[in-house]
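Once you scroll down, you'll see the structures, which are given as structure tokens.
In what follows, chain A forms one complex with chain B and a second complex with chain C.
Right, the complex of A and B next:
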């Protein structure tokens, strides 16, 4: 038995070490972004951060982040709202209508959807959404907030479905027998039992998908047009992450432009970390 | 006890791996006199030029395979050359940081950037121009094949919003401006030669690459943008360049400087080149290199 004690201890310490390492990496990222954004925050132009005009190379420069921030929130929130009912329906159907192998296969397929690289979704969005939209009389060019919302909604559905399906599954395990014994129909048990019982899980799944949508870069960059304008459904727009991806490669090292992009990154990071914190809080309450 | 042993063994392995990594680096930088193995040669910079050189390097690698076949004095090791994109500025930065041997730059290198290099070295491979291009179905081609600088400024600053603002004979359709990202080399060249003090409108599609910019103009009949001469030649017929101030963007006009919106194609390096790097640079400047630059639509320096 002594042998196993030592092994246990070793595994325990190893996992501690690894999780500490992950924590270290995360804090390094946060710290690095913070340090790189300090020169901008201290500069005389930091006030222009809360404005509408992004002119990083003009004299005097102006670094208004509002169009990007609003664009990010607009696109991510609407995409999540569209994805939510689809995902609830999909998860409900999978968890209550299918059993055994079919269910496993469907869940596997959904997970595979989540694994498709975002650039593929971007290409799909470009050919299936942007080009046909361009042919309509609605807009002069197909790149638009609308195209970004639909592309993103497609991308985050799988995340929501797998979170919701797990939650429904748990309720089923606990209550299915009793529900069946009472002669409750499948539809009634889905709407009145699973949905009612999983409210907090639904909320946390929604938020996880929302944070995924907030940070998504490549697919959005390919369909949104990348113009720092205030977001309008049929107009072009830009998100924080696509701004960073677009301009970081060409921003001169050490320039205010470079540091301002880091500050934009920090804003996004704060947004994501606070949503993640919220998710943890909800999950803890859901367990109680 | 066993636990402690295992942990210390684990740490020792990590340190050893780290030390081995450092040792490798030292060895590579140590002696410049004897011809050492070069390992991987990294080239970073403008993706538009990267595509051109990729073909050249593929031919080079296929022909020789190992360095000692290029020159018997070189060590027997496989030729390993990587081209990264990222843009001209990324290329300059990589050369300054020495994370790349060569930078591919499609604009002039600023004085400020030159001072940051230990030892500034550049070779010009050719010339590219930014053509003001439209879709072949754009009715402007039948009415007015030329744009003055004043008209260009009004187009790109957003003062003209519809095509009939430019010329009443054109339809009342929205002008779709396509540009590159604001900090990039192409934008800088356009800003300096055409716009000078005036800002380019925010209502533009900022394409993440020159290829994407050209694709947008090929797709959209209402689009106008500054497309690279080389890339336009690669898509001949699908995108039509207009003349600017009465000068058409042809090879002769660009080389003579009559066509104003042009930019050099440069290869940038830092300090003394290793023999293998010098061989590569010679390849770029060889007839074979010039031929490929020309075949890809750009104007070779010779």
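Right, the complex of A and C next:
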């Protein structure tokens, strides 16, 4: 048994080290983003950060992040608001109309939908939204905030549905017996029991989907047009993540442009981590 | 009055649910039908085994290097993240007795899952590609993808281990074996199926991810990769280039069809191997 004792010690220390390493990686990523954005924050142009013009290469340069920030928020919030009722309805229908294997299969289908790569959604958005929108007289090109909102909404519906369906399922497990004993129909218990009981779960599911939407890059980038304008429903726009994806490859290493992109990334990171923290608080309250 | 309102809410929710459900099903059907119908003429053996050709590049020929590149990225990501996740989950489940540390690790894993993939790509670009000198390569892209999927993998591994521990832990320790014996001879024989299932789930995620690769590993054109340090094409990014530079919509649809087919295959694998990680079993 000596062999197993030695092995035990080895595995214990190795796994402790690896789990600590994971902790280091996370802190390192966050710190790295912070440190790389310091040179920009301390430079003389940092004041232009809160302005509307993004001209990183002209002299003097101007790094207005507002169009991107507003574009990101605009697209993500509207997409989540559109997706929310659809997801609540779909999750409600799945949890109250189906049982057993069919329900399991439907939820599997929804999970698979959530796993479809974002470029495929982008392609779809391009084909079924941008192309037809181009033909209408409403706008010059089809690439627009509107197309981005709808594409993104389609993308985040499955995340919301699977979160909500889980919450409804838990309520069903706890109360279904009593509800049935009182002669309450499935639909009635959905409206007046599940929905009322899962308010906090609905909120946290909404926020998780919102954070997915805020961080999404490719699908949005393919349909939004990518020009740094203030977001209008029928005009082009840009988001922080697509700004980083498009310009990082061409920004000179160590230049102000590079550090400004890092600052934009930090802004996005802070936004998402605070939403993440909020979700954690809500879930803790929901458990009580 | 109150009763009428109650009924109105009830009816509204019912109509909403049924409409939404039908809409989502229609959408799923449309998505697959559109992609496969559109790529019907282009999807054949040559498309899978040829390199991109024509002018502009990609308007003819196939996507063989992109498939190989994607497999390379996914492989590196899977190996890296399986090692990290397995060790972390083992430590948290079997060795760690400090409740505060466990709590902290859960928060850290949750935060890693919350970092958007483009920020991971940004980090990978500056740190792995430039600072460590890995260059635009399979290795840097794969490591970034590994970081991206790590939290999902760890959470699943922990769930599997917990499900097994609920059944066998007390019995094993009562027999007087130590932890590593328990892991090797009780947990792993039971858990390997679920671990394979998790790996294929995670591979699906890594295969479809494009934002982290944009800056770290994928290039517009390369031959099928030979070593870890060579740059490669990636299937999702190939699709993106075909579309964004309006090279060929048909080939973009055909690439999407290949991506979806790979995804379906990985999903089937996930489903075939899954057992303990399944929530149905837990309840």
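In this text, the second predicted complex is superposed on the first by the 267 of 288 C-alpha atoms of A that agree within 3 Å, B and C clash if a C-alpha of one lies under 4 Å from a C-alpha of the other, contacts with A are read in each partner's own complex, and residues count from 1 in each chain.
We adopt the following convention: a residue touches a chain if its C-beta (ideal position, glycine included) is under 8 Å from a C-beta of that chain, and two chains touch if they have at least 3 such contacts.
As the structure is a prediction and not an experimental result, all values here were calculated from the model.
Of the two partner chains, neither chain B nor chain C is touched by A:47. In the superposed pair of complexes, A:285 makes contact with neither chain B nor chain C.
In the superposition on chain A, no contact is made by A:180 with either chain B or chain C. Looking at the shared chain after the overlay, A:249 reaches both chain B and chain C. In the superposed model, more residues of chain A are touched by C than by the other of chain B and chain C. Residue contacts after overlaying the shared chain place A:199 against neither chain B nor chain C. Across the superposed pair, chain B and chain C both touch chain A at residues 14, 222, 245, 249, 253. Residues 2-3, 6-7, 10, 86-90, 93, 96, 173-176, 181-185, 199, 202-208, 216, 219-220, 222-223 of chain B are the ones that touch chain A when the two sit in their complex.
Across the interface of their complex, chain A is touched by residues 6, 9-10, 13-14, 16-21, 23-24, 27-28, 31, 34-35, 38, 83-84, 87-88, 90-92, 95-96, 104-105, 107-112, 114-123, 125-127, 130, 147, 150, 177-181, 183, 201, 204-205, 207-211, 214-215, 236-237, 239-240, 243-244, 249, 252-253, 256, 259-260, 263-264, 267, 271, 280, 283 of chain C.
The touching residues of chain A, when paired with chain B in their complex, are 6, 9-10, 13-14, 53-58, 131, 134, 140-141, 143, 221-222, 225-229, 236, 238, 245-247, 249-253, 257. Chain A makes touch with chain C in their complex at residues 1, 4-5, 7-8, 11-12, 14-16, 18-19, 21-23, 25-26, 29, 32-33, 36, 85-90, 92-94, 96-97, 104, 108-110, 112-113, 115-120, 122-124, 126-128, 154, 157, 161, 173, 187-188, 190-192, 195, 211, 214-218, 222, 241, 244-245, 248-249, 253, 261-262, 265, 268-269, 272-273, 275-276, 280.
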